[in-house]
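Before I ask anything, let me first share the structure, which is written out below as C-alpha cells.
Chain IDs A, B, C and D follow the sequence of writing; residue 1 opens each chain.
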C-alpha cells in the first residue's frame, strides 16, 4: 500500500480522491453503494444563501463522450443545509467541503459566513465558474478584477481552507489562477464545465430549456489536463484537478500534470463506485511503478 | 425486506422478441433479490457503443423471486435501446437497481384502472401482479398506435380485465385510451387510476380522473443522468417545487403535479 | 432535390458543405475516393509565406470522441503553392479557399498578396486561431486589438472573399467576432481546435512532442454549436460552422444554430466520403421536413 | 493494374488465432482486387467501441487474388486490436486500402535478408511471396520475445530459409536479431536487407547494413489519424525534411532517414 495521503492547505486528505460538486449530492445518496468515509473528501452540491429552484426542464443532454447540464444550482439554501443536512453528514469520517455560490458578492459572503460556523466542514470550494445561472456564477470567474473582488471578500469572512474553482471558459486561465491565488485562495480547483449547446435536429429546438449548458465528461479531459498543467505552473498553491476523470489512469494523468488531488464528477452517475475504484487503481499504479508515495508523481511529467 | 439500491452484473437468461421493436429481457441476479416494489426502475449500462454515454432507465417489468430474476420490457427507439434489445442470452448487463419510489398499493379491496400507452405498459405489469395479491379488482386499458404494438395482452389478462384501443383502429376501440368506454359514465366506479405512457396521454387520463374525483397516480419519464438523485437533472414541477423524478418519483399523484389539465 | 445553394459574400456555393483546412489536404488526395467538385468548396491546408516543417513527432493523440493534433502548419509556402500545387487545382469545378496563416502581420500580408493573384482561388480563410505554433496563430485571435490589426491589414491587400477563422480558446467569442467583422471580414468561420493535452500515464510523458495540441472531433461539437450560435447572433456577415461534424444531422444542428455553411474536418480521416454523404443527408432532411431550400432552416432554432 | 485506394466493407471469412494475442483475419473484397504491393497497408475501422475513435493501420499480410481476399495479421495491444482480433466470421469490417508505398522489388536475382520483429513480420510475408517470383534468394530472420511469439514460421519457410532469435532463448538463437550469426561475417553476401519491427531493432539492423554497405529498407510505424496523406500527423524525419509515413512511406530506404546510427 503506497502512501496516498496529501495535504491541501490545512486539509489532511487520506487519499487524493474527492467527489465533484453537483455529482455526488451530499454523499448520503451513496450510502447504499459504499462507505463514503473511504474517500479523501466530498464536495457537496453548490450552495447559495437563498434557496434556488434551478432552471427549467429539460436540464440534461447527452453528447459524444459527455453530457450537458443546466441544473442552475438548485439547492435549499445555506441555512437549510446547516440545520437539516449538515447533522446527517457528521457521521462521515472524511473531509467535507461545501461548494459556495452566489449572484452577488454579498450573497457569497453571507453563504460563506454560515458555512464557516460548521465545525465538521473542512473547507469551501468557491464556485465562480457555474455557467448555468443568469447572474453571478461564471461571470465572476472570467476577469481578474471580479475574481479579486469575490475571493478577497469571502477570504475576509471564511477562516478555514478556501479552494477557488475556476472556469475553463476563458482565454488565459493561468492569469486568472494567479489572481485567485493573490486574493487569498488556499488552493485552486478546475475545471468547471465548458459552456456548450445541444440541438434536436428533428424538433429544431435546443435540447436544454436554457439553450446552453455545461459540458462535462471524458470529452473535456484533454482541455482539463491542459488547464491543470498551465495553472499548476502559474501558482504555488496546490491544484485540484477534474474534468472527465473516469478511472485511475485518468487520475494519474492529472497528478502528472500537476494536480495534488482530483475530483470525480460525471463518472459517479455511470458508476457510483468509480471514486472508490480510482483510489484502488492509484494505489496499484504506484506499487506497479515502485513509487512509495503519491507525492512522487505530482507534477512529474517528463518533458 | 425492501431491496437497497445496488450495481450488479445481471445475466441475460432470455431475450424474447415480441414484435419488430419490442423485447423482454429476463435478467438473473447474482444474489437473492430483496423486495422490489411496483413502479421502481433500473438503470442499465449500454456497453460497446461509441455514442451512448449514460445509462438508460427502464421500469422493472416483473420480478421472479423464485428464479431470482427481473424482467425489462424494451421498446427500441435509439442506439441504446437497440443495443440492449439485441443482447445475447448468456451475456451480462450492468444494472443499477431498484431505483425510485413506487405506486401506492391500497390495503383494502379497491376497484382499480391501469392505463398504459406505448412502452409505458412496462411499469404496470408488476403493479397488476401486486394489486391482485391484495384482492383488488383490476382493469387494464392498453392503448397503442396499431394492433402489432399491442403485446403481452395474455400476460396482463392473468391479472385483470384487459381493454385495448388503437389509434388506427386495427385492434380494440379506435382512438386514444380516453376514447374507450371505460372512460364513460361508469368511470367513477373506479377508486384509483394508475397510468404510464406518453405525457399527453397521462394528462388526458389525469383530467378524466380529476373530473371524477378519482385518485390518480402516474409514472413520469424524464431525461436522467444518474437515476439516484444526485445530478438534479430529472425534475418535475410539483406544487412543492422541483422534485426529482428518479427519487421523489417516478410515480406522482397527479394532484401534486403542476399540470395544466 | 431541395435548393442547397447558398451565398457567402461573393462565393456562390452549390451546396453548404466545405472541407476544413488541414483535414482535406489539397483535395487531390481524395480523387481516388470521389469527385471533389461535388463539394460546395474546399479549404486547403494552412499556408504561410515561408515554408514550414511543422512540429516534431508525435503530432497526434487520440482522445475520447476526438483527437489532438500538433501539426503546426507544415506547408511548403505560398510561392510553392502558387507554382506547384495551384495548377493541379484548376481541374476542380468548385470554390477553393486558401487557409492563410503567419507569425507576423507582414507574413499574413505577403501570403495573402500571393493568393490574391490566383484567379481560381475564390477566397481566403484567415487563420488567426492555430493553437500549434509558437508565434502568431492563435495569439492574433484572442484579443480585439490584435484581430483588428491583422484583419484590417490583410483586408487592404486581399480583394476577394475573406473569411476569418476564429479561435474557441477565448472568454467572449461574440466580442471577437464583432471585431473581425468590423475590421473587414466578409464571413466568419469557427471553431478552430481547442487547446488540449494528452499524457501517457505509463511513460509519464506528454503524448505530443509539443505537449499541448488542438482538440477536434465530436467531443467539441457542443462547444462549437454554442459558439456558432453566439457569433451568428452577434454579427451580420454569414457564419461558417464547424467542430465535430460527422454526419448530416450534425450539420443540420449547425444550420439551425445560425451557420450558413459548414466545414467537415476530422470526419474526413475516418470516412473520406463523409462530406459527400453529408450533402446527401442534408437534402434528405430538407425533403423529409418539406423545406424547399436550405435557407429555410438557417438560424431557425425554435427557442 | 495497381489498385486505387478505396473504402469498402470486407467480409471476415476466417479468423485464425495463432496464440494468446495474435490473430490472422482473412477479409473478402466485394469487387475484384487490383494489384496490392508488398509493404502497403490498410486502415481498419473499429466498430462498437466507446474509446476507439480513429481507424487502426495494419500491414496487408498477404493477398489472394483467386479468393479475392487480403489477410491482416493482428497483435493485440489495446482496445482497437482486441476488438478487431475478436471479430466474428461472417461480420464485416470497413477497410480503407491499399495505402502507402511499397518495398522495392529488385528485377534481378538478388540475395535478400528480411528481418522481422514482433508484429513487424506482418509486412514481410507479402514481400517474401513477391520476391521469390523474381527468383530472388530470400532469407527470413524473425525475432521475438519468446518461443510462443514465433508464429507462422511454416508459412514463411515456403518462401525462404527461416532463422529465429528469442530474447529469452526459448527458441532459436538467444538474443536480439542482430545477435544472430546471419549478422556475422557473411552478412555482406546479402545485396539487400528489408526490415520491419520495433524501431530500436530496425535501427540496429540499419546500422549493420550501413557498415556493410547493403541497401536497407525499413517499414516504419507511426501514429496516424488519416492514413492517406491529409492530416500530416505521421511524419518521419528524412534528409529531405518531414515526410509522411502513410504516403511517402511506410517503407523508407534507411539512407533517407535521419537516424543516429
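Everything below uses one rule, namely that contacts are C-beta pairs under 8 Å (C-beta built on N, C-alpha and C of every residue); 3 or more make two chains touch, one makes a residue touch a chain.
Only a predicted model underlies this, so the values are computations on that prediction, with no experimental measurement involved.
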Taking CA centroids for every chain, report which one is farthest away from subunit A.
D
Between subunit C and subunit D, what's the gap in Å when you average each chain's C-alpha atoms?
36
Per the C-alpha means, the centres of subunit B and subunit D lie apart by a whole-Å value of 56
What whole-number Å value describes the gap between the mean CA coordinates of subunit A and subunit C?
34
Measuring from the mean C-alpha position of subunit A to the mean C-alpha position of subunit D, what distance in angstrom results?
47
Indicate the residues of subunit B shared as contacts by at least two other chains.
50, 52-53
Where in subunit C do residues touch two or more other chains at once?
61, 63-66, 217
In graph terms, nodes being chains and edges touches, is this line, ring, star, complete or other?
ring
For this structure, give each pair of chains that are touching.
A-B, A-C, B-D, C-D
Which of the residues in subunit C come into contact with subunit A in the complex?
61, 63-66, 68, 142-143, 169-172, 194-199, 201, 203-206, 211-212, 215, 217-223, 225-226, 229, 244, 249, 252-253, 256-257, 285, 297, 300-303
Residues of subunit B touching subunit A in the complex
4-7, 45, 50-55, 96, 222-237, 241-242, 247
Touch list for subunit A against partner subunit B, complex
22-25, 29-30, 32-33, 45, 53-54, 57-67, 69, 71, 74, 217, 266, 268-273
In the complex with subunit B, residue positions of subunit D that touch it:
48-50, 52-53
